[in-house]
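A, B, C, D, E and F are the chain letters, set down in written order, and residue numbers restart from 1 in every chain.
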Amino acid sequence: MSRVRVLMLGGLWRNNPALVLLLGLCPLLAVTTTLVNGLTLGLATLVVVAATNTIVSMMRHSLVAVVRIPLFVLIIASIVTCIDLLTHALLFELHEILGLFIPLIITNCAILAQAETVASRRPVNESLVSGIATGLGFCGVLVVLGAIREVVGQGTLLAGLDLLVGPWAANLRIDLPFDGMLVAVLPPGAFFGLAVVIALRNLIAARTGAPGRRMRTARVRRS
Amino acid sequence: MQFDVAPGPHTAPIASVPLTMRRVLYALAPAAFAHVWFFGSGFAINFVVATATALAAEAAVLRLRRRPTRVPLNDCSAIVTAALLSFAIPPLAPWWIPAFGAASAIVVAKHLYGGLGRNLFNPAMVGYVVLLISFPAELTQWIPPRMGDLDYQHLGFLAHLSYSLTGALPADITIDALTRATPLDLVKEGLRSAQTYSEIRAGSLFGGIAGRGWEWINSFIALGGLYLLYTGTIRWQIPIMLLVGLLFPATLLWLVDADRFATPGFHLFSGATLLGAFFIATDPVSAAESDRGRLIFGAGIGFLTYCIRTWGGYPDGMAFSVLLMNSAVPLIDRYTRPRIYGRN
Amino acid sequence: MLEYTPDRRPTGGLRLPAHKEASTAQPIARGFVPGTLILALQQHQGPPTTPVVRRGERVLKGQVVARARALRSAAVHASTSGHVRAIEDRLVPSVHAIHRTRCIVIDADGEDETRPGSGAAWPKDPEEQLEHIRDGGIVGLGGGVFPTAEKLRPHTPCKVLIVNGVECEPYISCDDMLMREAAAEIIDGALIMRDLLAAPECIVAVERDKPQAIEALLEAGRASGDASLKLADIPTVYPTGGERQLVEMLTGEEVPSTHYPSEIGYICQNVGTAYALHRLVRAGEPLLSRVVTVAGEGIARPQNVETPIGTPIGELIEFCGGYVGDVDRLILGGSMMGYALPNDEMPITKGSNCLIAAVRREVRQDFSERFCIRCGNCATACPARLLPQELLRAARDNDHALLDEFGLNDCIECGCCDVICPSHIPLTEVFRNAKFAHARYQRQEVFSAETQQRFKRHEERKRANVQRGKARQDHLRHEVETDEAARQKAIEAAIKRARQRRGNDSDAE
Amino acid sequence: MLIGTVVLAGLALGLCAVLVLTDRLLPAGRDPVAEQVESLLPRIQCAQCGYPGCRPYAEAIAAGDADINRCPPGGEETVRRLADLLGREVPALDTTLGNASMNRVARIDERNCIGCNRCVPVCPVDAVVGVQQTIHAVIAAHCTGCELCLAHCPVDCIDLVSRDA
Amino acid sequence: MTELMLVIIGAALVNNFVLVQFLGLCPFMGASRRVEGALGMALATGLVLTTASGISYLVDSLLLIPFDLEYLRLLAFILVIGAAVQLTEQLTRKLSPLLHRVLGLYIPLIASNCAVLGVALLNSTANRSLIAALFYGAGAAVGFGLVLALLAGLRERAEFADVPKPFQGHAIAFITAGIMSLAFLGFTGFVRL
Amino acid sequence: MAATERTALRTLVLVGVIAVGAAALVSGSYEFSRDRIEANRQERLLQELQSVLDSAFSKAALNPTRIQASDPQRLGYEDPVDVYIVQDEERPRAAVFPAVAPDGYHAPIHLLIGVSADGVVTGVRVIEHRETPGLGDVIEIGKSDWIVQFDGKSLTSPQPPQWAVDDDDGSFDSITGATVTARAVVAGVRSGLEFYEARREELFARAADEATDRATENATDRAAEEPVNE
């Protein structure tokens, strides 16, 4: 029980892949122009991490060092390709928005890092939990960053939710009374947004006194 | 008898930060008056709004960080930032444009790094680029200069103020009637749509060398620049190399094909060239630190500005070039350290 | 004598307000006899001298009171007659700071009686000549107080003797006045040094803002008729008077960081030193006094005074009319390199060239510093071509590797960076302090490397010991084993034999 | 479908063969990391890091087995320089390990020394001199103040004193 | 030739892989703490980028297209890249152990450096020739190395800044990268593709 | 030595197994989804076509014929592009084709143009562009109705000189602050129409051929299938 909690806390907060380990940044920054985009990709990533961790963990005893990386990426890539093909065929509407981003999941370093550091060393159940925690942590950041950029960048929230869950959700869209600042949806805005999210996390970590990762502080404190 | 035993040297310092910053402001004054003369009171309104926001933002950040506020607020550096930002934005702009620009300059570019002296990028240019990217429509609303024979529609001070605060224009005037493309825009579009340079130059917005009004403002800026050089506030390396970096390719290509490339004189007196050379690129904090480094830094800005003007997507490239070279400063510094006396 | 202007521009440096008008308005005041003398035993760079007088003893002007025992040392003489009151530890200003040193305190009797028969003749033998100089107590009067005899014994042949009359620091005018009034003597002293060094060339360097001194020197030089003499008038920029800067200015060569100028063939001597040498050689007079500039707005009569070595500063001030106004700081040396004295009870030493009684408005008051704005003024002003802003960062960060890289030890502490810094950062002070920590760090590095070597040797020996031990064991075991084998064999043989015998026996049976 | 499988498997096998081959053919590299790490350590061999000397600790760091904050004599400065070398975050110095300072040296109290010679072999830098049955002494210029000899003296006659004293 | 130069400039500056296209961000943030490390990483990634784009191109045109196996493209490319990375890992481990330790986690991550896969995929969708594909890979590598070195320099300097507590560490690095990406917007419109 | 040989062998076997597994998995999913994906693609294509055709054409009844045409001069594409001809019974009713407006402010603007058989624009959409967000991107349908003003226009109404923005005395609205973009799109649509005018007959003829070919093909297919059914 407590082992599960530790793993979950690690993935969600203490070693959050996006905020602390700084992995999987490409999709994180590229996709989060809106909350829904972020959420969608987050869910897809969650599935992939969990699946990869499980598979890699199952075969961890037969791995060989020299070819381990190609093997991991091969496994990840085939899972991602399958998901891509299957959603394309079965959930066409969903694929309309997801389609572009799914191949990007392959190169999400967070998944490879999980395979390398957790799944290839731990039993299946732990790997699975760790994978889910990592996926959820990643997904959470995607959602928060997407929300920030959507609100600041185009003055809406939850736009496009209908494509994900059905037409009824179109009504959930919130329009704020301003047009938004384009810089938030453009590449610089992604960097700024993530900086703000990381700073928020640091602030919370400092407040709650939870041991965050030790950080290099400024070298010269005095003026 | 007992005496004070302060450490040496005992000679009183011969420079100070507030004095330096004030000198920059003095040097900008003639150009500012020229700006108001040619483009109306918009500049003054923008400057006041930007300054107020900059100071307020600085005070707010310092308070939030529980730092002393008096010394940083008195050094006038935020006012310099606000002034340079005001030169970059069109006179006809809603109040929140200078306010937002100044706030991003001060908060993001300056105080996230800890304030005066620590920032890596030129704050005014960060503020301007953020504005340019976020609000391109507002940032392209330039108005033609006041010159006797242009069909210029005047906005008085009150009308300017009311536009700035409420967005309302006098009943009989539309925004489209007020705004014009700037000379740099015209040259860029003209050349792109296969007009020759001399055809473009025939337009009513052009004067002897470059855009009417603009040439004057730029001349006054150069005057201020000379004052800065004379007082030792800036050194020659950056401005001169910036102009060389800009004018050398400009002259070369103009000699190759005078129809498809603007004259060096046009480049010299248009847009932000001289402001950039004397006031922006010379920002001590974000420039290279050694003399040799400054040669490279200046030349880089000039050259990139020319490239962006000629082949890029924006009519002027000073702000981008300054930020690009700002990012190169640490590497420039690293590889241009002066050779220490007596070392090989 | 050839006058010329070097065609090089000084590296870095500053043009500072000179503040020399007041003290150069009248000739050097001579004949000042103090009431007390405080003669420090160590007024030079090198091992201290040994006192040769006792308490209560009467000493005469020119008498040796402390003898130089080491080569890099210089004797100390009584600069007026009187009784030795005490030999005790006192605070004395030395090159860079105040030190507690043993001093001979003499109550002057006002008679200023010279030791009879003084003026030992100038020996012929070069080695004896150097000894003569050492016994004459002569040290560099430009501020470095390095024993002149040592400096005149170079290990590398001297290419150029540079006579340093630059005097670039604000307020100081003692060399200027000396050059105006005693140009011939200075030239003579320079020629003596040139002969000692066998230098083919001798350049007297003077700053362009001292036209009278230049005129006087030229005249004296022409009068001497020596062809190896040259006079260089150099730009008025602080600190071109520093010997490294001067060498670069005059020759274009840089003195390598780790070397002294003498090691690349340039020897730099102050004009005051030349004058003192002249006095010693021609008049047999050891170093008894030096010209001291008394300046600043807090002094009643700013002027240059020929001051007996050991004069308490307070007495010198009195001689110049005492303090006027609210004196804030009493500075020994110029306003750039000098340091502030806590009181005026300390003595003038051989190295004291200037005394500034400064009122508030003359000296730096604002000690509030801002963050460095990277203006680069400091780098532009630094004569050593350092990047003070980077050094500052490294020093505040205690990053010694960086300090090495940016050349902390190449800083000559001239203060240019400090004065020009718009953020009012006390750069020079930071560097001065950092040098102490840095020296410790460097010693530590050397110690660490040595320790590592010792450890390696220790380990090797241990391993060797173990090996040797193992070898011995092996050997023993081997012996035991061979013993065993032999025994086995013997047993087997015995059994065999026994069997045989039994067989034989059975056969026999 | 079959052809796809064949092609992909072929590709995979081919690439792996290349990898395995190069792995064989390349000579194993010397490890200069440990050396560089060691040069940043104080090298006074005090063993407070939990390793028998600076070199073993350096090797452990280079192998990624030890954290870089375990050398008390080196202090924060050493931690930072190690972090710079290895491109890591700077951890806080582990202050629980000891507090040997480089400014102290051992001194043997001559009145109590019984000449047992036990301290001699343990000193990593051979700073203790003396033969059996005579009074021993510490060469202050060599002693690093590592405290290793302290525990080996049966009569507790070794003290650490400030180097300047 | 000008065509190829444009391909390089386009990939390096105008559509900079990292700052504009958001590819290769993990090593960009992870290996930019020190300039030396950044240069090493730039070199390693450059090697992988160029070789992988070449080999992927060959695999694509010689194996996948003739056999109608475009749907295996992702798999095949990632395999090639993984192998190229593993090769780089072996090389650095054996030839420059220090670099290997400094880059530690990030060398394997080149495999999942989106930039590498991105180059391969973009080459195959843009129908480039082999030479153009190689140049595109080289351009991407130059652009990646450039911004990596720039950011490393800036981060070294930012260490001396007085950054507000919550922004210390990674957050200020992202702010810095954001301003760099603002600056790179100045290159928009350079190469009109 | 033997041990390393064994690991090498094991490595190869492992890689082989996994590669085969992966390939099989992917190929399997591909086989499974191929047809559905194709159907979905067709559906989306129809949707796109529908968006530039007027409501008279229902999506279900579009049944477009694809032919290839090349006209770098007027369409701006070096390579041949897909032109879709919509026919009912025998008569061609409308055409949909892509075109490039090369003079966009930052980069060429890619358009999809729908034209009825008699040369009247039924709709224009911008498929891809790099104009300044907030300024030039008004040409997107999601951002404003600007692009709708082409509906119902043809090369004869307005007359060619009027095919320009109102700043240049033409009859199309310009975009404040983005005249260049507006000019580019107008010129792009116009040259697209010129392509259509010039090649209409040929395109229709080829489309008709194609349609008959397809019909016969279908027929033979059906004929081929019939025996199996029997």
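Observations
FYI, a residue touches a chain if its C-beta (ideal position, glycine included) is under 8 Å from a C-beta of that chain, and two chains touch if they have at least 3 such contacts.
Note that the structure is predicted; figures quoted are calculated from it, not measured.
The minimal number of chain-to-chain contact steps leading from chain B to chain C is 1.
With A-F and A-D as the two chain pairs, more C-beta contacts join A-F.
Of all chains displayed, E has the C-alpha centre closest to the centre of the whole protein C-alpha set. The most distant chain from chain A, with centres taken as the mean of CA atoms, is C.
Across the assembly, the mean Cα position most removed from that of chain D is the one of F. Mean C-alpha positions place chain D and chain F at a centre distance of 69 Å. Look at where the CA atoms of chain B average out and do the same for chain F: the two points lie 45 Å apart.
Chain A and chain B have Cα centroids separated by 40 Å.
Chain D and chain E have Cα centroids separated by 38 Å. For chain E, residues that reach two or more other chains under the stated contact definition are 71-72, 75, 79, 83, 86, 90, 160-163, 167, 172, 175, 179, 182, 185, 188-189. Residue numbers of chain B whose C-beta contacts span two or more other chains: 108, 114-115, 118, 130, 133-136, 313. Listed for chain D are residues 4, 7-8, 11-12, 15-16, 19-20, 23, each touching two or more other chains. The residues of chain D lying in touch with chain F in their complex are 1, 4-5, 7-9, 11-13, 16-17, 20, 24. Residues of chain E touching chain B in their complex: 35, 149-151, 153-154, 156-158, 160-164, 167, 172, 175-176, 179-180, 182-190.
Across the complex, chain C is touched by residues 1-17, 19-20, 71, 75, 114-118, 235, 284-285, 287, 289-291, 294, 337-344 of chain B. Contacts from chain A toward chain D in the complex involve residues 66-67, 70, 74, 213-217. Residues of chain E that touch chain D in their complex: 31, 33-34, 37, 59, 63-64, 67, 69, 71-72, 75-76, 79-80, 83, 86-87, 90-91, 93-98, 101-104.
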